[in-house]
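In what follows, a structure is listed as structure tokens, so that the remarks can point back to it.
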Amino acid sequence: MISIVANHWQDLLYGLGQTLLCSILALFFSLIIGSLFAIFEVVPNKFLRIIARVYIEIFRNIPLLVITMFFYVVVPMFFVKVNGFTAGTIGLTIYTSAFIAETVRSGIQSVDPGQMEGARANGMTFSQAMRYVVLPQAFKIVIPPLGNQFINLVKNSSVLAFVAGFDLMYQGNTIASTTFDTLNSYFVVGILYLVITMPLSYYMRYLEKRLD
Amino acid sequence: MQNFINAYSWVNIHYLLEGLWITLEVSAVSIVFSYILGAILGLIRYINVKYLSAIVGFVIDLIRNLPLLLIIFFTYFGLPNIGIRLNPIWSSILAMTIFESAMLAEIIRSGIGAVDPGQMEGARANGLTYWQAMWHIVLPQAQKKMIPTIVSQFISLIKDTSLATIIVLPDLMYHAQIIYGQNSNYILPMFVALAVMYFVVCYMLSILSHYLEKRLA
Amino acid sequence: MKKIIRYLGLLTSLCALVMILSSCGSKAATSNESVLKTAESNNTIVWGVKADTKLFGLMDVKDSKIKGFDVDMARAITKQMLGPSGKASFIQVSSQTRIPLLKNGNIDAIIATMTITPAREKAVDFSDHYFNAGQSLMVKKGSPIKNVKDLDKKGTQVLAVTGANSVANFQKVAPKAKVLELQDYAQALQALKSGQGEALTTDNGILLGMAAQNPGYQVVGGTFTKEPYGIAVNKGQKPFVNKINQALQQLRENGEYDRIVKKWFGNIAGFNYKEAEK
């Protein structure tokens, strides 16, 4: 195990960086897209509600690997070239945004409807009330579940290994198949994943407790 | 269009359905196992047995924080070192079971925790033992609240079986790859088929979950 | 403070757990049961073969059987070793999974376009070579790339398969190019078609098989390495290796080997099967 770290620390560090970068990018974009669809779901407009519902149901029910491979293999055949890292990040963003939409929607719905009414009564438009009154409260509620989504993102980013995305899992595969020391290679990779996810998940649990 | 017609020949569809069958088989067996194991682990976590609960909790946290892909590698490449040899199907089932039961244990623990403690006290006051009260009063109520979360976990499980193509599990994803690997005109039709098949299976499950939720509520 | 102590406690126990697991992991790597004896008593040899490699081992969607040169060779060797009633059973492997599976004992032997290399010989034992391939390149027709030297530039991306030695070979001759490793040949071919890299590099036999099926692509630049394929067997199974070598020798003598090579490579344009047989 020590020899793997000693000989391949550069690859591992690079992989860790790619994993983190991809997870952060995907979190950022899926937050935007997810919140957008969450708002679509609560606005008084049937058309937007249907669009949001369809988007969420489709991408919650198709494997991440299928979405990612679609961008890696199918999209370049008809449109533009997408490299492995980008395909993985797009796949993760779309997949996660469907889950984040659900989380944010339930957050919005758990904010007392009186808040919205009160804000409207005070002369705010729907979108102003949403933006300044409801959403800030909703986000406070959904921070722990969003944190858990980020942990899922880090774990799910291992899908990059399928599309040569140079993430941690890809480096693990490469190291395992050049050193033939399969178990120890994956042990090292596992520990590196835990270094990111474990503290995060304890912190989220702490936040959850504090919110209760 | 011609590509689609050729791609959906009976031979190919049959081959895809074979893959779908493996996906369903692996998922169904894993769902049963992980539900049982998850419930046991969740209970151990909830009732707080000294040391045991802490250890179980720590192991659950470890598993929950690792990518499923890594757990698949460990069951396929690691276990034979201690004398357990499994084919890709059983390795996948085992990996899914380990991963999902850890996920479910957390859901079940917090589900039981969310039941009003007054229920337990009331039942005990009426002469039920702890386990009777747990089994007849607390668990059914917890279950009702947990159903949507548990079912969406099962949906994740079905989707995640696609990751096991990496250890050459002949599932839906792998079979689709074999078909489009031999003729790249079939790529788009195969992805459409993949999306539709996975969607139908998973969406049916989520409809079932809504139905159960309403029935039990 | 208490929290920090608890956290440290958890971390140390995690490290301890990993140490224990990894130490028992590396100990049991070579088993001492005789593969030959088990094979003889079960009258079956379990072969690891590819299912995504045209000409060598390719899944036939019609009957879910794997077909190819490696598969036919495995059958012939099994019959030669165990007698006419001997059964060959096949497990699909990828370049990434084949060595772990062999070391685990999930399969008895690998016959999956596997080149005999010094690095691999540290992990497994090889039979005599049964096929001579050489690494080459496949590109889109009309591509400016004519040989491996054209790829030795910064910014060039080349596709290969995880676990194949073509990665290391290629990096030796074209160190400036970046290699993207994919899961198997089918995926690598799709990646080439999607423009993920300028060329796909692996052994000529495999590439010619792909090019025959994909008219828009061609094999260029000849071969830049020698890739003798061998049958891999776990360490410490000398009797099994000897028996395989003996069977190979007999197959070469009785003409069966020649027949199988001609069956798969006789009509492949640009492939000198006489060279491969040497």
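First chain written, first letter: the chains are A, B and C, and each begins at residue 1.
One rule holds for everything that comes next: contacts are C-beta pairs under 8 Å (C-beta built on N, C-alpha and C of every residue); 3 or more make two chains touch, one makes a residue touch a chain.
Just so you know, these numbers come straight off a predicted model, no measurement behind them.
S.K.: Classify the inter-chain contact topology: is it line, ring, star, complete, or other?
M.R.: Looks like everything touches everything, fully connected.
S.K.: What chain pair has the highest count of contacting C-beta pairs?
M.R.: After tallying contacts for each pair, the winner is A-B.
S.K.: Could you grab the centroid distance between subunit A and subunit C? Build each centroid from C-alpha atoms only and quote it in angstrom.
M.R.: That pair's centroid distance is 36 Å.
S.K.: Mind checking the centre-to-centre distance between subunit A and subunit B? Centres are C-alpha means, answer in whole Å.
M.R.: Here subunit A and subunit B have centroids separated by 20 Å.
S.K.: I'd like to verify one number: the distance from the centre of subunit B to the centre of subunit C, where each centre is the average of its C-alpha atoms, in whole angstrom.
M.R.: Centre-to-centre distance between subunit B and subunit C: 33 Å.
S.K.: Hunt down the residues of subunit B that sit against at least two other chains at once, touch-wise.
M.R.: 62, 77-78, 81, 165-166, 184, 187
S.K.: Can you list the residues of subunit A that touch 2 or more other chains?
M.R.: As it turns out, subunit A has residues touching two or more other chains at 73-74, 77, 162, 182-183, 194, 202.
S.K.: Scan subunit C for residues touching two or more other chains and write them down.
M.R.: 14, 25, 96, 100, 183, 187, 190, 193
S.K.: Which part of subunit B faces subunit C closely enough to touch in the complex?
M.R.: The contact residues of subunit B facing subunit C are 11-12, 15, 18, 58, 62, 76-78, 80-83, 85, 87, 165-168, 170, 177-184, 187.
S.K.: Along subunit A, where are the residues that touch subunit C in the complex?
M.R.: These residues of subunit A touch subunit C: 1, 72-77, 81-84, 162-164, 170, 173-174, 176-178, 180-184, 187, 191, 194, 202.
S.K.: In the complex of these two chains, what residues of subunit A are touching subunit B?
M.R.: Where subunit A meets subunit B, its residues are 57-58, 60-66, 69-70, 73-74, 77-78, 151, 155-159, 161-162, 169, 172, 182-183, 186, 189-190, 193-194, 197-198, 201-202.
S.K.: Could you please specify the touching residues of subunit B with respect to subunit A in the complex?
M.R.: Result: residues 61-62, 64-70, 73-74, 77-78, 81, 152, 155, 159-160, 162-163, 165-166, 173, 184, 187-188, 191, 194-195, 198-199, 202-203, 206 of subunit B touch subunit A.
S.K.: For a test of understanding, state which residues of subunit C touch subunit B in their complex under the given definition.
M.R.: Per the stated touch rule, the residues are 10, 13-14, 24-25, 27-29, 51-52, 54, 58-59, 61-62, 64, 91-94, 96-97, 100-101, 104-106, 183-187, 189-190, 193, 213-214.
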